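Scroll down for the structure; my scribbles are underneath it.
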Amino acid sequence: MTESRQTMSPDRYYEDYAIGDTRKTTGRTITETDFVVHAGHTGDFFPHHMDAEFAKSTPFGQRIAHGTMTFAIGIGLTASEINPKAFTYGYDRLRFPKPVFIGDTLHTQLTISAKEPDPKRDGFGRVVESCRVINQRGETVLACDHILLVERKPAD
Amino acid sequence: MTESRQTMSPDRYYEDYAIGDTRKTTGRTITETDFVVHAGHTGDFFPHHMDAEFAKSTPFGQRIAHGTMTFAIGIGLTASEINPKAFTYGYDRLRFPKPVFIGDTLHTQLTISAKEPDPKRDGFGRVVESCRVINQRGETVLACDHILLVERKPAD
Amino acid sequence: MTESRQTMSPDRYYEDYAIGDTRKTTGRTITETDFVVHAGHTGDFFPHHMDAEFAKSTPFGQRIAHGTMTFAIGIGLTASEINPKAFTYGYDRLRFPKPVFIGDTLHTQLTISAKEPDPKRDGFGRVVESCRVINQRGETVLACDHILLVERKPAD
Amino acid sequence: MTESRQTMSPDRYYEDYAIGDTRKTTGRTITETDFVVHAGHTGDFFPHHMDAEFAKSTPFGQRIAHGTMTFAIGIGLTASEINPKAFTYGYDRLRFPKPVFIGDTLHTQLTISAKEPDPKRDGFGRVVESCRVINQRGETVLACDHILLVERKPAD
Amino acid sequence: MTESRQTMSPDRYYEDYAIGDTRKTTGRTITETDFVVHAGHTGDFFPHHMDAEFAKSTPFGQRIAHGTMTFAIGIGLTASEINPKAFTYGYDRLRFPKPVFIGDTLHTQLTISAKEPDPKRDGFGRVVESCRVINQRGETVLACDHILLVERKPAD
Amino acid sequence: MTESRQTMSPDRYYEDYAIGDTRKTTGRTITETDFVVHAGHTGDFFPHHMDAEFAKSTPFGQRIAHGTMTFAIGIGLTASEINPKAFTYGYDRLRFPKPVFIGDTLHTQLTISAKEPDPKRDGFGRVVESCRVINQRGETVLACDHILLVERKPAD
C-alpha cells in the first residue's frame, strides 16, 4: 500500500477553528549566537543586549534578549504548520512580562481565544490565536494575540 | 577647545517627550540575504518567503518578507538613540498594510502620539510612539504603537 | 471541543513503513546568500563556488553549488517530520547527477525503497528511504539512500 | 631571486594518486554557533540539536550535531587543496559512528584506498579517498568514501 | 511643540574639528560567535582562531581574535555618527599591542590628533583621528590613525 | 609509495623571504550578501553601504563596500598558507584607491618589498609584504603594507 503525505498542511477553514483549541511547539534554546545574529540582522547593538560588562550593572545582571528577537523566534516556532487558507492580519497587545537570558529554552503555546466573521471581507473570518512564549521555568516571556484572516468554507 | 561626546544618548525623561515630536531614521534596503537570514534565524521557511517558483503562483507574484522581519528591522532602524530612562512596555495594533519585496528600501518614522502618567508605577509615565515603516514608494508596510515606560524627572 | 496537536510527529514504528510510501517536501530557492553562507560555514571557498569571473571559464559558465550544501539543504527540507522512533544509520550512494545554480528551486522526494529486520540489533529494523533532490526543471540534482534504524513495534 | 607561488594547487593526474597516500587537515572546534548556523542554513531545528532541555533527557544528555553538518564541515576541512584535474563523483558508505558535541575539535584524515580506470569515461580514472573525521579523543565521528573522477595524464 | 531629529548627524566641516576632541563609543562583548562569523566571512580558518585544542599549546593558551576582526568591529563601533562631509582616506600605523580573547568587551576611543589643509585637494582638509580599541581591563588591543578627508566650510 | 602532506604549511624563516617574491591568491566575488554580513558583523549600517535608494544620489550611483570589509576579505584571501614562524606586527599605509561594488571579483597580490633584522627583538626579522587587492578590471581597490615578524633560522 502506498501512502503520500505532503509537508504543506491540509486546508483549515474558518469553520475548522474551535475556541479553546491548543497547540504547543517544540522547544529551542536561545544562545549567545542568537543574540549576535539578531543584533547583526536588525542593527540594534544596544549594550543591554551586547555588552556583558555593562549588563552586570543593570538590575538583570546579564545581557537580555531583544524583544524583537523573542517575538520573531517565538512566532517562528509555530511555523511548522502551513495553512494555505489563513493569513496574518496583525498582532495585538504584544507584551514582554519577563526577560529572556542566554541559555533559556523557549516554546510557544497557542490557544484559539476568539473568532468572528470578518466585518469587512465577505468569505473571511477573523480568528484570534493567543500566543504565549514560555521558558524552561514555566514563565511567560512574551504574550500577544495573533489575528488571522481565514477563508470560510465554500458552500457546496 | 575640547569636546567630548558620548554615543549613549542623553537622558530623556517623561516630561521631555512632547506629543507630535517626530523622528525619521536612515533607510535600509531589504535584500534577498535578509530573507534568508531571517528564515534561518526564526526557522520559518514558508514557501511564501523562500520558494521563488511557488511565489510566482501567488497574488504578489514574488516572495514576500516575513512580517516578523519587517517588524524586527523596522524597529531596529530606530536603535540609533539610546535613552537610558525609557523601557519598552509593549507594542499594540501591529499591522502590515502592504507586503515587503526583495529590493524595497525601508525607513521608519516615529511620532509621539500620546502620553499619560503610569497608572500603576509611581515615578513613571507611559509614552506612545507611533511607528510607521515606509518603503521607497511612500507606502506604509508596517504600523504599530510602541508603548514606552519612561522615568519621570526627579523633583529637585 | 478542544483539539490538541503536537509539533513532534506521532511515533512511527518499523512496521508502519511500507515500501513505496512517498513524501514530497515544500520547495526552497537556492540563493547567492546560501552559497556565501555555506562557504563560510565549511571554509570551502573554491573558485567554482565563489568566483563569478573564474566560473565563466568553466563548462557550466557560472558558479555551482557545493555538493555538501545540496546534501545539507536537500536533507534539511525533509526535517518537517520528527519520528522519535527512527535514527539515521547513514547514507549510501550519494550522487550529484546535475549541478545546482544560483536561483534554482529545489524540493526533495522521499520513497521507502527497502526494509529488513536489523541483523545486529534486536528490536530494530532498517528502512531505506530513497532521497531525490529535484530542481524546477524536474532534474534530479542529488540522489542518495538514507538508511534509518527504526524501532519495532512492542509486542502487546 | 623571485619565487611565484599560486594558491591554486598544481595539477594532479590519475597516475599521481598512490594507494596509501594520506593527508591530515588542520583542526576546527565545533561551536554552539556552528549548531545554530547549520540549523538556520538547512531549516532543521530538531530538538536533538537545538533544545538543551530536551537533550538532557536523551541518552547523550546534551545537544548533538546534525549529521549533515559533520559531513559538510569535515569535507570542508579538506578544501585547502584544489586539484583542477579532479571532480567529485559521489560519496559511499557515509556513517556516523559517534556523536559530535559542542566544543569537540575535529580534523579529517584522508587516505587513498582504491583506484581504477573509469569503466565509462575514456581519459578518466576513479580514485577512492577514504575520509575519517576524528575528534580530540581520537574517535571517528564520520567515515565515508569520497569517489573522485580524475583525468588521466595526457600521452606525450 | 514639535521637535524633529534626524539620525543622519549634522554636517561637520574641517573647521569644526579641534585637536584634542575625544569621543568614546559604547561597548561590545566579543563572543565565540564573532570568531566563527569572521572566519566564515573572510575564509581565514587558521587554527589560532578556530581550534581550541591547538590554541592550548600556544603562549596565549586559548583562541585569539583575527586582527582584521578587531579592526572591523573596533571601527564599526564608531559608526554611530555619520558626518556627510567626511570621507575615509586611509589608516596608518595599525598595530595590535594585545590579543583579544573570547568574552573580552571592547570599546573605541577616538581623539583628533592632527589636522592640516589637504596639499592636493582644494576645499578639503585632512583630519587624523587616533583610534584606540580598549578592553575591559583597560588595555589597548588595537591602535591606528584614521585619516579623514573633510570638506572645508564654504565661504559665505 | 606513500606521500603525506600536511595542510599546515612548512616553516619559513626570515632568511627564506626574498625581496621581490610574489604570490597571487584565488579570486572571490563580493556579493550583496557580503555587504549585509559585514554590516551585521560590525554594526556599521551607513546608508552608503546599505541603502540602494540613497546610494543612487551619490557620485558612485550605487552602494559601496565598507573599507573594513575590503581589508578583512582581501587579507583573508591570503590565508591559504600558514607559516608557523611568522606573526603579524601591523599594517601601514592602508589606502582605498577605488570603491568596491556588489559583484566585483577580487584577488590579492602579495610582494615582499622589504626586510630587515628586528631592531628590538633578537632572533626576529621584519618582513614587509606589500598587499594589493585587485578587481576584475585590474584596478587596485586596496593597498597596504603588511609587516610581519619572522623568526630567524636557528644556527646549527
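Going by the order they are written in, the chains are A, B, C, D, E and F; count residues from 1 in each one.
Throughout what follows, a contact is a pair of C-beta atoms (placed from the backbone, for glycine too) under 8 Å apart; a residue touches a chain by one contact, two chains touch by 3 or more.
This structure is a prediction, so every number in the text was calculated from the model and none was measured.
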item	value
Interface numbering overlap (same over half, different under half) for chain A and chain D	different
Furthest chain, CA centroid comparison against chain E	C
Chain separated most widely from chain F, comparing mean CA positions	A
Cα-superposition angle relating the copies chain F and chain A, to nearest 5°	180
Whole-Å separation of chain centres (CA-atom averages), chain E against chain F	18
Centroid distance [mean C-alpha coordinates] between chain C and chain A, Å	27
Chain B and chain F, separation of their C-alpha mean positions in angstrom	38
Chain D: positions in contact with at least two other chains	8, 26, 28, 32-34, 37, 40-41, 43, 45-47, 82
Sites on chain B touched by chain F in the complex	26-29, 31-34, 37, 103, 105, 136
Touching residues (chain side chain C, partner chain F) in the complex	32-33, 35-37, 40, 45-47, 50-54, 63
Chain B residues within the chain A interface of the complex	8, 28, 34, 37-38, 41-47, 66-69, 71-73, 75-77, 79, 82, 88-96
Footprint of chain B on chain D - complex, ascending	37, 39-41, 43, 45
